[in-house]
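Okay, so chain A shows up in both of these, paired with chain B first and chain C after.
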Partner chain A sequence: MTANTNTLLEVRDLTVYFQGQNKHQPVRAVDGISFAIPEGAFHALVGESGCGKTTLARTLVGLQQATSGEVLIRNQNINSLLKNRKLLAKDVQFVFQNPLGALSRRQTVYQSLEEPLLIHNVGNADRRRQRIHELAELVGLPLSSLDRLPRSLSGGQRQRVAIARALALEPSILICDEPLSALDVSIQAQIVSLFSQLQQKLGLTIIMITHDLAVVREVCTSVSVMYLGKVMEANNTEPLFAQPAHPYTQALLSSVPSPDPNTESTRQRIVLRGEPPSPMAPPSGCRFHTRCPKAVPECSAKEPVLKPQANSGLIACHLV
Partner chain B sequence: MPDSLKLSSIAKWPWAVLTPVLLFVAVSILAPWITPYDPAAQDYSAVLQGFSQEHWLGTDYLGRDMFSRIIAGARVSLVAMSIVLAAALIIGVMVGSFAGYVGGRTELVLISLIDIILSLPSLVVALAFIGIIGPGYWSMIAALTMAWWANYARMSRAVVTSELHQPYIEAARVMGAGHLHIFCRHILPHVLALVVVYASADAGALVLAIATLSFLGLGVEPPTPEWGQMLVDGMNYLEQYPHLVILPGLALTLVVSSFNLLGEHFALKKVPKGLSKRRLGILKKRRAREEMNMLEQEAKA
Partner chain C sequence: MSDSTEEPLFSVRDLVIDLYTEQVSVRAVDGVSLDVYPGEVLAVVGESGSGKTVMTLGPLGLLPEGVSVDIRGYAECSGQSLLARSGKELARLRGENFGIIFQDPISALNPMKKVGPQLASQAMRLRAVSKAQARVIALELLQRTGIPDPEGRYNCYPHEMSGGMLQRVMIALALAGNPKILIADEPTTALDATVQAQILELLQDIQRKENIAIVLITHDISVVAQMADRVAVLYAGRVAEYGTMEDVLTRPIHPYTKGLLSSVPDFRGQRTEPVTGIPGSPPDQSSLLPGCRFAERCPAAQHQCREKRPALVEMADVNKAHRVACPIAVSEGWGQSNDS
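Showing the complex of A and B:
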């Protein structure tokens, strides 16, 4: 990831701990993460379940209080921005994982789309209706669906509604928490292309959490790979997929089947042993050393820092 | 049990349930105009009469017209019931929602208080309260409200706590919505949908409680016609003139059971859904009209 001059969102040494059953051993969901997202980026956060991706995303929109560290949006601390949530809402919006839960089951699509406009006192009824029709067109919702309740929409349409609602206030940053995982594969493709269209049309900066590496490769400009609350590797998409440097990234990428039979036949799946360790008691040194196929004694002793490497990437590994 | 008596079959006959309740409400509202006699007027030339042309349902020991008194009694019951129900609903929903929304220690204190009230039979709470402030119409209303609100508070709190952690509430928060907006627009409709259904069944129990307190001489005071009061008055003449007791008793039974059936009906049919469906239809028509107007304007331009 290049150090772009136009940084829109920056995270400095962010930690988010949750009080678990044991008072002295909090769950370290996010444990010291730093990154900067330039304007206009389509950034992906990948990593296995429970590595803290969602917590990180929730912290970025202020749904979760950071334990320490800072989230800066246009060089302003999110805590000071949160004093006026309405202002923050105009800049940063969130797309939830499950659109059915994120839409009120009592509100029609029209009412759901109107809500952000009502909260922010946008225009009169005519102006709002115009804006809702614009939004529906933008995300490809038929106007006839405006009077329906979320439960009578298809999964893809629900997610379109959720996206349209997030875009209603014309935010510059969109944070999406696994927006594809509740959808069918065929619908996923539509929503992914919708995201990249929207990004180009509206000049959005998107941070998307996902499991789907094929999607990342298709649309994202840069990727951060997370493991147990830390960033293991961050790079632009192309070099990361071409030459994954971190053993964890390599293992992750080796799990993606290739449509090309020749590549697929030579693909060597790196199977990681065991379960990811508990975030209540992360392993000493490098967090990944317990499962790393290339671990050396140094790995369990000293924690590697995330430092720039060749190919303009950031990697946290002693071996690179 | 024959099929026609099963509760689920009631759902197919909404008017059979609704009619007695509507009749009760209509009679209560129209009472001053449809009573043939002044319900408090005494006529010593015609005491303790049976059914006749002049007095359809006879007269009591002071010569007061029974028919008029039963109708006027319906009004007294309805008014008192409505006041108590409205007050209990408002207090209950407010306290319960507040407890659920705020959470933490405040919730714990409030919910303990609610539990204490609920652990006692509601009539005992009402009696204790009347014991403190003395009998009378308004103290009966206050006492019944005190005994009734906790139920609604408990229900409201349960709904609020379950809705509060839904993702769509968080979505509203991300949109910049304040607490008032979130509560009024997202949570209150859910609370009301449940509480109103419960209240419709509760109305019967409340009518009965009002009659009970009046029967014990702790509620509505003598000159006012009230069914519980009429039961007491008629008791002395039970052997010779049983209609003095049977008629108000019958009225009471009818009202209470029809309210219970109404509540049952609402619970089975889930009326809020039906209502919202109808509202959707209205919204749809309105939107179609607006779009027509827009098209016309565009055509003109």
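Showing the complex of A and C:
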């Protein structure tokens, strides 16, 4: 996570609040997040439901307005880029969790893939056909599926269509919100390896929101661990998994069982008490102190800042 | 555990379940035989459409409304047949023997009724106790399932509780009739990692302390590795492999089991070869071809696989409890197992 000269996407002190029933208590979905993603990274945003990871992702592509702070793409503020949405769409694309909801039910795969090309006036009919065939090949869709409707495709094939469509305009940044969680295990693995091939082949920068830590270790180069709207720890994948430093990261990693019975029988579990508190009234000081097995009085009094560590990571914890 | 001297609590033999709607008929379960022994955890593993839920809940008469069901074969619990029973008889047998934990507690609980009274009325129905006794039992159940402040929570509505708490209430509800078997259908799929760990811990605790058998329906191999004594791997309505958890997960023989295990990444230990998944997708069970259901996706498939249904055979001398439905892998597996 060291500063890189080729920062493609940057977030500075970002907050996103939603007005709920209580005017004085907004839902603080994203509550002061800063990070920089270098070109060519495959970055994971992990955390439990309600930690704000989806809101953050939506803000990165302008689907959600920030309450304060900035999102910068190639050093340009997203609000100015949003004045020309078509131009932004050529650079940044989004893959949603449920492909059946993201694809039009009445459009064939061919029509779904052609739509972005038509909107952006790409080539003539022949050139578009050629591009659609390229895209199908790129994501491993059989050409015979091009005339079919999403309904008649399997879950894995639908997600391939959604990915192909996101890639149609050759974006440099792909933001994926839980792209695997609607899929079966054997199909998930296919899509995981597809993401990793695409990233290498096309030099994409990918930000993937997920709750599946094993997938992160498999394909991502760096990770931010979120809890209640804040980043608790961020690091490159290998050191984060080898030496998780934040007590929350440690608990999160230890809570996932291993598929290998030998590893599983020796797993040291840290079972956290309770569940994440409400983002409407986050705890004082460190947000994690109410569940933290290592908390000391300082933790409830003062909010820790995200600071660089020797192992290349960033950690927000008084005890590290 | 699966001691051969012990009688199984729940058995199905040659179970075939066809589901019909107006448009299609699907063979969801196609000749499955399984046993559940007292106090053990049997994991039923498979992907969507493999028939794991239909196989387990079908004989109990708990399939969704709106589909017609045709069940053949044999299913019994504590020596009594479950099939060809009236709804009332089946409900009684179910209440005496089974507790069921559904994936999504918020849709399994009555949203209009407080959770305590829901538990109490279940206890009254299943244990024939008075209203006052039922209240005591309900509070006990809330305590047993680790709900803090049971008295206070007794009067909560489901929407006032978090996902993890609701799953605890669901487990309390399943325990209300003093079941011998808990059927847990993807009990942690809707939960976050740290909450999943709490719920699995609770289930393990109940199983060990109270010697209740658990049938764990799941697609998550990691949950199987943590919880199960034995595993049945289902593919397209049939058992592909069946054995102890260690045998199936560490010495898988069926090509589908191998493919499934190689699809699951593990973030512990050294990074090994990347996951690949299994090419293709599961077959359409409304139009079935003869032969092995997995043949279309199988890297080891031969001509015979598309002709004849593979029988589930015991692995020769090593471990009779390990059964595999693939003659090709079994003939290779014999060579391996002789070495060990």
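Please note the rule applied: the second predicted complex is superposed on the first by the 315 of 320 C-alpha atoms of A that agree within 3 Å, B and C clash if a C-alpha of one lies under 4 Å from a C-alpha of the other, contacts with A are read in each partner's own complex, and residues count from 1 in each chain.
Everything that follows uses one rule, which is that contacts are C-beta pairs under 8 Å (C-beta built on N, C-alpha and C of every residue); 3 or more make two chains touch, one makes a residue touch a chain.
Predicted, not measured: the structure shown is a model, and the values here were computed from it.
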Mind checking the superposed model to see whether chain B and chain C fit together on chain A or clash? fit
So, does A:I187 touch the first partner chain B, the second partner chain C, both, or neither? second
Could you look at A:S80 and tell me whether it touches chain B, chain C, both or neither (first, second, both, neither)? neither
After lining up the shared chain so the two structures overlap, which partner does A:A89 touch, if you call chain B first and chain C second: first, second, both or neither? first
Check the residue A:L169 against both partner chains and state whether it touches chain B (first), chain C (second), both, or neither. first
For A:N6, is the partner it touches chain B (first), chain C (second), both, or none of the two (neither)? neither
By the touch definition at the top of the document, which applies to A:Q21: first (chain B), second (chain C), both, or neither? neither
For the overlaid structures, how many degrees, to the nearest 10, lie between chain B and chain C at the C-alpha centre of chain A? 80
A:A251 contacts which: chain B (first), chain C (second), both, neither? second
Quick check on the superposed pair: does A:E115 touch chain B, chain C, both, or neither? Answer first, second, both or neither. first
Would you check which partner chain A:P259 touches, where first means chain B only, second means chain C only, and both and neither mean what they say? second
After superposition on chain A, the shortest CA separation from chain B to chain C (Å): 14
Mind pulling up the chain A residues that touch chain B in the complex? 61-63, 85-90, 93-94, 96-98, 101-106, 108, 110, 115-116, 119-120, 129, 146-147, 149, 162, 165, 169
Within the complex, chain A is touched by chain C residues 47-48, 162-165, 192-198, 200-201, 219-226, 245-246, 249-250, 259-269, 271, 274-279, 281-282
In their complex, what parts of chain A are in touch with chain C? 48-49, 154-157, 184-193, 196, 211, 213-219, 241, 251-264, 267, 269, 271-272, 275-276
Would you pull the chain B residues touching chain A in the complex into a rising list? 166-168, 170-177, 181, 185-186, 189-190, 276, 280, 283-284, 287, 290
